[in-house]
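Both complexes below contain chain A, partnered by chain B and then by chain C.
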Partner chain A sequence: MRQTGKWLGLGYYLLLLLFLQLPILLLIVFSFNDSVLLVFPLRGFTLQWYRELLQATELINAAKNSLLIGLVSSVVATVLGGAAAIAIARYNFPGREFFLNIATLPLVIPYVVLAVALLILFQALKIELSLWTIMIGHTIINMPYVMLIVAARLSGFANNLEEAAMDLGATYWGTLMRVTLPISMPALVAAFLSSFTMSFDEFSLAFFLAGTQNTLPVYLYSQLRFPSRLPLAVTTAAVVIMVSVVILLFSEWLRRIGTSKPPKV
Partner chain B sequence: MKPLAVELKNVSKVFSGVGRGEGLMHAVKGVDLQIKQGEFFTMLGPSGCGKTTTLRMIAGFEFPTSGDIYLNGELSNQVPPYKRAVNTVFQSYALFPHLTVAQNVGFGLAVKRVPKGEREVRVREALELVKLGQLGERKPNQLSGGQQQRVALARALVNRPAVLLLDEPLGALDLKLRETMQHELKDLQKRVGITFIYVTHDQEEALTMSDRIAVMSEGRVQQVGTPEQIYNFPANHFVADFIGDTNFLEGKVVSLHEDRTVIKVGREDVTAARANFPLMPGEKVTMVIRPEKLAVARELAPALAPPPAAPVNPARPQPLRVNAVMNARVLDSVFVGTDTRVNVTLKGGTEITVLVRNLEDDEDFKKGDKVVVTYDASDSRLLPAAQLGTTEETYIGNGEPANGAAPAAAK
Partner chain C sequence: MGRSPTLLPAQDTPVENKRRLFALITPPSVFLLFFFMVPLVIMALYTMKESSFGPLFPLSFEAFRSFFSNPAYFVLLLSSSQLALFTALLSILLAYPVSYYLVFYTGSRRVILLTLLILPAWISYLLRVLAWKVILGSEGLLNQLLISAGLIENGAPILLFSQAAVLITLVYVWIPFAALPIFAAMERIDPRLHEAAADLGASPGVTFWRVTFPLTMPGVASAFFFVFIPTLGEWVTPNLVGGVSGIMYGNLIQDQFGRALNWPLGALMSMVLLVLVGVFSYVFNRFIPITEVPVSS
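Right, the complex of A and B next:
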């Protein structure tokens, strides 16, 4: 009886893996396939698509845009979200709960809705759409994640660490630099990395708020209309997947060393 | 003359209960304290009595709502914690998890930009003072609770504060370790000569370690004195009840004498010591006497008879000087290791407890046995009957709600 259960569980797990990961695996497999069509049987191994990838200037420009937007928006989100998290986790001020709820609202608003709302806002303010408007959009969606990650980390530490620092002669600023920021650091780095990945993948906001320049996901989408470009899109996606996986593994590793041993209280 | 290490003049603290809609909370109400240089001073009381808030005001984490705090003779009400020559040992230790033990201990010196060479010497000295010389490179989470506690102590002492504040520092340790640490702390305090202000709810801890104790309840100081004074001469009902076990006998004054007072408890006339406050016959009073000051016997004769000629059993404590007697009936007797607690009732129903040292030749008392309870009247104390908070300086009774008149005042 227990044996059957075990086999059933294993079967379920394998199916789950298959459904979740097979498409991604296929993507990578087809990026090396010597054919324009995405069909089996495979025709032979080639690096042609990767070579073409390096020469597709439009695509590389889009990738650069995505990188730039990702970097700027996640730095800004980490700074602002981190500061908000410290305020929420460490200080008791009137309206704290309200602030927390407002600040995490973007988590529950569909990105499409947010995108349309921002589009209207920018038009009303007569702000021309550009990479900057996408950056603003991405900062808005990243901030709540940063806040939650950093606040969770801080709540694992006794509140009186800061009091102890001040008791030992550190000013408010000194306490922030010597205690609060160092203990938040693993969370800040993890938050930055996940923000970056999120921004890099994001489509809706980037689609609605783009000016003349596209980001990578939007560019890829636009290429799907031309069958001959399909292998290039597949290859790009494969590259993005591989880079994302590396970054996510790194940030998860950081998060774990950060949270594995909170001090005993 | 040296100024007092710490002086509190009529200090009060009101919290406005941010975000909870609880109105105002009067944590500390008009506390006066004078703490001398080099003293081991303890604030003792149940949780919520205001002792920790008082400590936090001395540390500078809270500022008093009214009243004045003097540190070494200087008015320090609004001085931030980092400008006070005071260091704190926290109940949860609050060690910095990202720093090594040595960096933790050196934190205060690093902040004050003490040169590295001197810093290292002082950190090493401080770690040796608390017997942790070998562990400087460890992280706090690699230490046991007792070791973390010592690091917290070293981290505070290395700054050579004028006053060291300790907020229930032994609360998280197990019993054995706690007893060891009590002795070590007391010993340490004598060696370094720093004023210690210690907060605890553990009366035994307070009695063992302190030079003087302030017993607190409901935001007020109930009594300040040496452990002996607090134990033997409790100022009011609360102190008598909180420190050790005690019998309370509610009665009415029958007659007043030069050396004693006779009161009527139930239907029994009971002899008590002279009161140290004016009394009139017929007035209600409470007599207080410790269970270990009472003796119980089947009959009066042996107790009041002249001392026996036979050699006294050396194990038996000095025979109590006896000059007062109560008649009682045994309710039950409970064996508690070295002693037996005999619970008896007086005529009229008042219950009292007698603590009898266990010896081989002891008699067994059974429920319903007629006995006499003997004692020395001067071991008893008379207190004004519980007055339900009508008088400021005496017992603050249950009649007063915890938040006082706060909700009304908030509007």
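Right, the complex of A and C next:
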């Protein structure tokens, strides 16, 4: 009985794995295919699309913009979300519930609604759309994640480490820098990385809030309308996929180092 | 910083405490106020504007009139809710057995097997949808396969540009996110409960329905929540693989800020969606709190 269950389970696991991975692998395979049409049978191996990729200045610009937006918005989100996390994890204050409710609202608001609301705000204030407007949008959606990740970490540690530091004469801000922040560091790094990934991939907000400068997803989306440019879009996708897998493996490796147990004496 | 520590114990007066809290909480609050609360309020005001770029006054209820007099909008809102419901249920249905297998059958390898399974979740959402456009497209792989198998006539694509295509793509996108909370809930189950049930004479089926399943309900519920809500506001997937018959309510909103250029109506449609999501989250949160953070002092 249990043995049958095991084989059935394994079969189902492999099927689902195939379902989830095959579409991604297809994109990678087609990025090396010597044809404008994305159809089988494959026409032979080529690096033509990759060569064209290097010459597509618009695309490279878009990638740079995405990188910049990702960096700035995740730094800001980590600082603001981290401060909020310390406040809600270490203080009981009137309005704490209210603050928590508002601050986590961006988790459930549909992105299209947030995008439209920000678009209206910038129009009403006559602020021209630019990379900055996208950064603001991405900061808003990343802040609650940072706050929850860091607060969860902090509430895992009792307050007495900080109290001990202050009893020993450290100032409050000194304690914050030398005790609270180091405690939260793994959570802060994790929150920063996930914010960056989120921002780099985000399409909806970027689509509505982009001015003349595109982000990578917005640029890709604009290319999907032209069938002749589909191979280039697929090749970009393949590059992004391979780079993300490398980054993922790298951060997983870092995480293992960070959480590995000290050798036993 | 910079100050050398004094030898006196830190003074922790209520006033100082308040100042510190104020310094911590003000920057995030101000940011949220300006770029989250204020935009929503302005959007609410925009629903009463006469034209997209005109002045606010005199107030006009044209957007309300056209929204509530057109049943097509409600039909679309309803069908989008239905699609979001199906997406959430199907993702859970597909993710549940695999989580069960991983947690109860694969021992210490389960984390690596799970990571392998949900790897695609780390890949850009847009790219995953693009992959399905390549598969389901009218020139796509599935149609070719069916044509060469003689199952359909050439040029009669059956899947792309339909609700089914949107559903398949969305389920594909969301399975990893449904699997995570279910997996986590199952991992928390004490295996001794299963032994106890078996010792007391329960069959595996009874053990599952009376012990395992109820204990995984919180995971199933949060999986439902995190799939249903974003799918409800979805517009990108329908745009890429849905075609005319596959459009969702989110496309309607996008259209008001694009081609149709009717910002007041678009603002109203957004408000309606926001209220719907708000009511749903509120009701849901009463049963399963997702944002509780304990104070540790």
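The rule is simple: the second predicted complex is superposed on the first by the 245 of 265 C-alpha atoms of A that agree within 3 Å, B and C clash if a C-alpha of one lies under 4 Å from a C-alpha of the other, contacts with A are read in each partner's own complex, and residues count from 1 in each chain.
Everything below uses one rule, namely that a residue touches a chain if its C-beta (ideal position, glycine included) is under 8 Å from a C-beta of that chain, and two chains touch if they have at least 3 such contacts.
Just so it is clear, the model here is predicted, and its values are computed rather than measured.
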item	value
Which of chain B and chain C A:18 touches, first, second, both or neither	neither
Touching partner for A:104 - first (chain B), second (chain C), both, neither	second
Touching partner for A:6 - first (chain B), second (chain C), both, neither	second
First (chain B), second (chain C), both or neither touched by A:127	neither
Chain C versus chain B, contacts on chain A by residue	C
Chain B versus chain C as contact partner of A:117, first or second or both or neither	second
Contacts of A:158 with chain B and chain C, given as first, second, both or neither	both
Which of chain B and chain C A:246 touches, first, second, both or neither	neither
First (chain B), second (chain C), both or neither touched by A:237	second
Which of chain B and chain C A:167 touches, first, second, both or neither	both
Chain B/chain C common contact set on chain A	92-93, 96, 157-158, 166-171, 174
Of chain C, residues touching chain A in the complex	1, 3, 5-10, 12, 16-17, 20-21, 24-25, 27-29, 31-32, 35-40, 42-43, 46, 53, 94, 97-98, 100-102, 105, 113, 115-120, 122-128, 130-135, 137, 139-141, 144, 172, 175-176, 204, 229-230, 232-233, 235-236, 240, 250, 253-254, 257, 263, 266-267, 270, 273-274, 277, 281, 291, 293-297
Of chain A, residues touching chain C in the complex	1, 5-6, 9-10, 12-13, 16-17, 19-21, 23-24, 26-27, 30, 37-40, 79-81, 83-84, 86-93, 96, 99-114, 116-121, 123-124, 136-137, 139-140, 143, 147-148, 151-152, 154-155, 157-159, 166-175, 177, 197, 200-201, 203-204, 208, 217, 220-221, 224, 227, 230, 233-234, 237, 240-241, 244-245, 248, 252
Chain B-facing residues of chain A, complex	92-94, 96-97, 157-158, 160-161, 163-171, 174, 178-179, 182-183, 261-265
Sites on chain B touched by chain A in the complex	18-19, 59-61, 80-82, 86-88, 90, 92-98, 107-108, 111-112, 140-141, 145, 148, 155-156, 159
